[in-house]
Amino acid sequence: MTALQPLIDAIVSDMRAMEDKGKVANYIPPLANISPGKFGLAVVLADGQVLTGGDAEEPFSIQSISKVFTLTLALGTAGDQLWRRVGREPSGSAFNSIVQLENEKGVPRNPFINAGAIVVSDMILARHEPREAIGQVLRLVRDLVGEDSIAIDEHVARAELETGFRNEALANYTKAFGNLHNDVDRVLGVYSHCCSIAMSCRQLALAGRYLMLGGLNPETGRQVLSAHRTRRINALMMTCGHYDNSGEFAFRVGLPGKSGVGGGILVVAPGVASIAVWAPGLNAQGNSLLGSIALERLAAGAGWSVFEGG
Amino acid sequence: MTALQPLIDAIVSDMRAMEDKGKVANYIPPLANISPGKFGLAVVLADGQVLTGGDAEEPFSIQSISKVFTLTLALGTAGDQLWRRVGREPSGSAFNSIVQLENEKGVPRNPFINAGAIVVSDMILARHEPREAIGQVLRLVRDLVGEDSIAIDEHVARAELETGFRNEALANYTKAFGNLHNDVDRVLGVYSHCCSIAMSCRQLALAGRYLMLGGLNPETGRQVLSAHRTRRINALMMTCGHYDNSGEFAFRVGLPGKSGVGGGILVVAPGVASIAVWAPGLNAQGNSLLGSIALERLAAGAGWSVFEGG
Amino acid sequence: MTALQPLIDAIVSDMRAMEDKGKVANYIPPLANISPGKFGLAVVLADGQVLTGGDAEEPFSIQSISKVFTLTLALGTAGDQLWRRVGREPSGSAFNSIVQLENEKGVPRNPFINAGAIVVSDMILARHEPREAIGQVLRLVRDLVGEDSIAIDEHVARAELETGFRNEALANYTKAFGNLHNDVDRVLGVYSHCCSIAMSCRQLALAGRYLMLGGLNPETGRQVLSAHRTRRINALMMTCGHYDNSGEFAFRVGLPGKSGVGGGILVVAPGVASIAVWAPGLNAQGNSLLGSIALERLAAGAGWSVFEGG
Amino acid sequence: MTALQPLIDAIVSDMRAMEDKGKVANYIPPLANISPGKFGLAVVLADGQVLTGGDAEEPFSIQSISKVFTLTLALGTAGDQLWRRVGREPSGSAFNSIVQLENEKGVPRNPFINAGAIVVSDMILARHEPREAIGQVLRLVRDLVGEDSIAIDEHVARAELETGFRNEALANYTKAFGNLHNDVDRVLGVYSHCCSIAMSCRQLALAGRYLMLGGLNPETGRQVLSAHRTRRINALMMTCGHYDNSGEFAFRVGLPGKSGVGGGILVVAPGVASIAVWAPGLNAQGNSLLGSIALERLAAGAGWSVFEGG
C-alpha cells in the first residue's frame, strides 16, 4: 500500500501514452469539445488519505454517476417502496434501450439505466418543485464532499434537455404505463440537472466515501444510508453500473463502479478505498475506455478486487 | 465467527419451518420426486474447518453448478481463446432463452446460461471421446473434494437427454452459426453427464475451496487455475450465476454464487469461506428458494458480503 | 347483388343482437363514453349507389383510418421518397410498439402503425404551419366525400395530446434517430388532429371511393393518386391495416381495410365497393370486434373477397 | 390478354439481360451449384391454356413452396383444429427466426415460416410412418399436376437433413413447448422430403390451379379443398408468403404468392391465372430476386393485381 502513489503515477503516465483514447460522446454538444487527452485519477483511503494523479482537480460532467446519488437520496425517502417501480437486474441492453420497458410494462430493469434513473428522479421530485429537488441532490453531494462550491453546469443541462429525445421517449413511455407521476418536463428537468453536476476526480472520490464506509459520511459523522442499503447500492453498481458492459467490468476490475458518458467512473473497494477516474474517450458501450483500463491496473496492482481470495 | 455453528443451526431450523418451499423442478423426471422438505448447508472456512447443518451429507444433482467446473477445466486448456466463443455479460433473460443467441449470432452471453455451457462442453470435448471428456470433469471434481466416490447419476443423465428439447434447440442453434465444432449429440452427452454429477453439500463446499483460495486446491496443494482467472470466475458467478435473478442475488446475498435446478447453490466468500446449500424447491427464476434465503441470512449474520465496508 | 340491402339489414340486426360487443377504447377519455351498442354500415358501389344500415349517419372519430388519407396526401407531395423513411412490411407487433423502432433505427415498419403515421405527419408538415397541414388533410377528405361539413373534433384532439404518452415516446424516438424533421409537438399536433376527424359511415365509405376506383375521385373527376400508387395503398391496407391482426383480417374478410380505435373500419373491394363499418367495441388487438365480424359476413355474402376464384 | 405470350417473352428476355441476378442459396449444398442464369416462367389460365417462357420445363427444388401443399393436406385432415397450433399473422421476422417462438410459447406465427411448416408436417405425420406421410404429399402434388413423374430429389433431402441445424433447433423448440407430437427426426424427415420435391415451372403452375379455381382440381374434377379454405390459403400467401418481404411483394406484385429458396415462386391471380416463376438467385430476404421483378412486370402488364380497381 505504501507503493500506491507510484502505482497511480505509473498508471497516469501509461494512460497518457495510449494511442487509442476512445471516442468522446458527441450527442451532448458541450461534452463533445472536451479534449480526449485529459486523464485524472483520485483515491481516498479508509483512513482519509487522499492520493491523486493527472487532471484530478479538473471538474467534469459526472453524468450517469449522478444516478448513484439520486438513488441514495430516493432510498432515504421512499425506502424499499422504491423497488416496486424499478428493478434490480442487469438489463442486458444499452443504457438507453426502450425494448425492455415495453416487455416489462414500464418498470425499468434497474436504477442505473436511463429509464430507471428517470423514475428515481420522479420519486425525488415527489411534491417538490424541480428547483427544490435539484437543490436536495446538490446538497447531498456537497455534504459528501465537504465543499460548497460544487455546482451544476447549466450550459450542459440545457443542451441535454434540448437534444435528449431518447430520454423524452423513455420518460413518456414509463408515463404511459403509469410509472411516472409528475410531468415529463419536470422530471427530465431534475434528471438532466443532476447529470450536469460538475466535479473533479478528487471531489468525486470524496463523495464516494460513504459507499466504502457502510453509509457513513466521514465529513459529517452522520449515516447517509444504513450499512445494509449501502451494501446493496454497491451490489447494484457491480451488476448494473456499466450498462451492457457491467459483466466485463466486474470480470476485469472486480469492484463496484458507476460510469458516466462524461468519461468519469466512481469505484468502491468496500472498507478500503473510494476511487474516481476521468478520461473522456468512451468505448463502444459508452464507458470511459482509458478509465476502465486504469481501474483494472489499479485494482490488480493494489489487490483490491472483491473477488480476490488467494 | 465463533458463533458460526449456532447461526447455521438457526438457519436450518428456520428454513425447515418455512411454509413456502418453492416448486421442485418437474421437467427432469428423476428430479421431480425429490422431497421439497430437504435442506442442507455446509461451510468450509479458509483454515479448513468444515461446519454443516441439516441434510448436508445427502447427495443431490448439482445440475448447472457443474458449469463452474466445466468452465474451470476449459479455461485450463483453451485459455482466453474461450472468450471468443462465449461472452461474459449477464443475459437479462431466462437460463434457457434462445432470443439472445439469434441477435448475437450464436455467441452465448456467458458460460453460465445453458447455451454458454453447451459451447464450453464442446471445447472440453475437443478431439476426445465423450466418455473421456466426462471423465476429466469427474476427475477434477473428485480431486477438488478429495473423494473418489463422487459419481454421475446415469439415471438423471439419461432423463435429461430424453427430455432436453430446449438444450437440443440451443445446441443446434449455436451449431447453425458455426459455434459448435462437434456433433450435437456428443456435446449434449457431455453436458448432461456433467449436470448429473451427484454431490452432498459438504462435498460441494469442499469442491469450491479453490474459488475461495485464489485457485489453490488445498487437497493437492496444486493451483487448479491462476489467481487471476479464479477472480474472474468469481466475478462471473456474481454477475451471471443466477440467470435473470443474478442482480437480486448480488443485492440480497452479496457473494458470488452459482445455482442449479436441483436446488443446490455454491457460494464463495473470497479468502473466507466456501459454502454450499441445498433445498430442492425453486423460485420463479429456477433458483433454490430457501437456499437463497438461507444464504442471505448466513452472509448477513457472518458479515461476509463482499460489498460490506462499514 | 340485388340482395345487398337485405344482407346489410340482416348483418345490422345480427350485430345488434350480439352479446359480446368488445371493449370501447378507454385511454382516450372522450372515446370512452361512446355507447358500445352503436353499429353502422355503409356501402358505396362502383356505379355510385349508396346503401346503408344502422347508425350509418352518426359521426365517429375515425382515428387511425386517417392514416390512409395522410399517406395519400404525403405520397402526392413526397412521392416514392417517402419510402426511405417508412417501411412497408407488417410489423408483427402492436400498433404502438416501440421495440421494432429500436431494432430498425427509427424507421417505422409501415405507415399504418402509429410511429409510421407520425413520420408521415412530419412529411405533410414540411415547411407549413401545423394549422395549414391539418387544413390540407381536411380539404382532401372533404373533397373525397363532397361535403364541406366534415370537421375535426377539437375535444378529442386535445384529449389525445394530453394523454398520448406513447405517441410522445414514439415521436421522440424517431426524432432521436433523425427521422423526424420538425418539432415533436408540432408533428403530434398534426397527427392528433387528423386522428380526430369525425365522419359517419356513409361519409367514410364515400371518402374511400378513390381506393376502389384506381385513384379517381368521382366527386371531382380528378385523380387523387395514380392507379399504380392506389393499388399499393390497397396492398398496404391488406398486409398492415389491422396491426398485429392484419393476417387474421385478410384470412377472414379477404379485403384491404384500415381500422381505427374509434371502432371504424374502411374497407375496399377494388373495382366493386367502398365499405365503412362502425362498432365502438374493440377486440384484443384494438380493432372493432363487431365491425370485423360484420365485414366477414358482408364479404362472404357478396362474394367480394379478392382471394375468391371459384 | 391476347398479348400475354409476347409479354412473357419480353420478360424472359429482359430478365436474362439483368446483371444483378441475386445470390444462389449456399447453405444447402446441392442447391449451391445451380446456375444463376436460369430463368423460367409458366402461366396457366382459368380456361386451361398454358403459356411458358425460358427454362419452364426444367425441374428445380420447390423448397418452401411445398408449405402450400402440406398446409392444404393438413387442413383436409385436421381442419380448423390446425389453427390451435399455428397462427396466421405475418411474423415480421426472417424465415428461420426463433425469437417469435420463445415469446409466443412454441406456437409459430404462420404455416409459411419454417417453424410453422414443421408443426404442419407433424400433423401430416400423425400416426403414419414418415414414408407414408411423404407419399401422401407427393400423391397430392402429382394429382394436382396430372403427372406421375414428379419426384423427390433424395440428394437434396439428405443434404438438408445433414445441414439443417436451424430447423433442428426450431423443431426441438416447438417440441419443448409440447407443440410437436412426433419425434423430431421423423418430423424433419417429412419436412425435408417435401421441400425436396422437384418440379418445373410448368408443373408448378399446373399444381397451383386449385388455388385459382376455388379449390377445384380441374385434372380430376374433384375439390381438393373447400372454396372457403382455398380463399384463406390465398390470403395467407398474400400476408405471409414471402417471410419478412411479404409486405413488399404485396405492394409490388399485388398477388398471393409463396416463394422457396430454390428460387421458385408460385403465384395466384384468383379466378384468372396460376403462375410459376423460377430464377435461382435470391434477394436479402431469401426470395427469388428476378422472380419477384418478373412477377411485378407480369402482374402490371396483365392487370392482374387483386388491388386493381381503376
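Lettered A, B, C and D in written order, each chain numbered from 1.
The rule we apply is simple: contacts are C-beta pairs under 8 Å (C-beta built on N, C-alpha and C of every residue); 3 or more make two chains touch, one makes a residue touch a chain.
As the structure is a computational prediction, the values presented were derived from the model and not from experiment.
S.K.: Could you tell me which chain lies farthest from subunit D when each chain's centre is the average position of its Cα atoms?
M.R.: Chain centre farthest from subunit D's centre: A.
S.K.: Determine the centre-to-centre distance between subunit A and subunit B, using the mean Cα coordinates as centres, and give it in whole Å.
M.R.: Using C-alpha averages as centres, the distance is 32 Å.
S.K.: So the centre of each chain is just the mean of its C-alpha atoms; given that, what is the distance between subunit B and subunit D in Å?
M.R.: About 47 Å, centre to centre.
S.K.: Per the centroid of Cα atoms for each chain, what is the distance between subunit B and subunit C, given in Å?
M.R.: From the centre of subunit B to the centre of subunit C is 55 Å.
S.K.: Should the pattern of chain-chain touching be classed as line, ring, star, complete or other?
M.R.: ring
S.K.: On the basis of the stated criterion, which chains touch which? Give every pair.
M.R.: All touching pairs, sorted by chain label, are A-B, A-C, B-D, C-D.
S.K.: In the complex of these two chains, what residues of subunit A are touching subunit C?
M.R.: Counting only subunit A, the residues touching subunit C are 97-99, 101-103, 165-166, 168-170, 172-173, 175-176, 184.
S.K.: Looking at the complex, which residues from subunit C come into contact with subunit D?
M.R.: Touching subunit D: residues 46, 87-93, 100, 109-110, 211-216, 227-228, 230-232, 234-236, 238-240, 244-248, 250-251, 254, 256, 268, 270-272, 300, 305-310 of subunit C.
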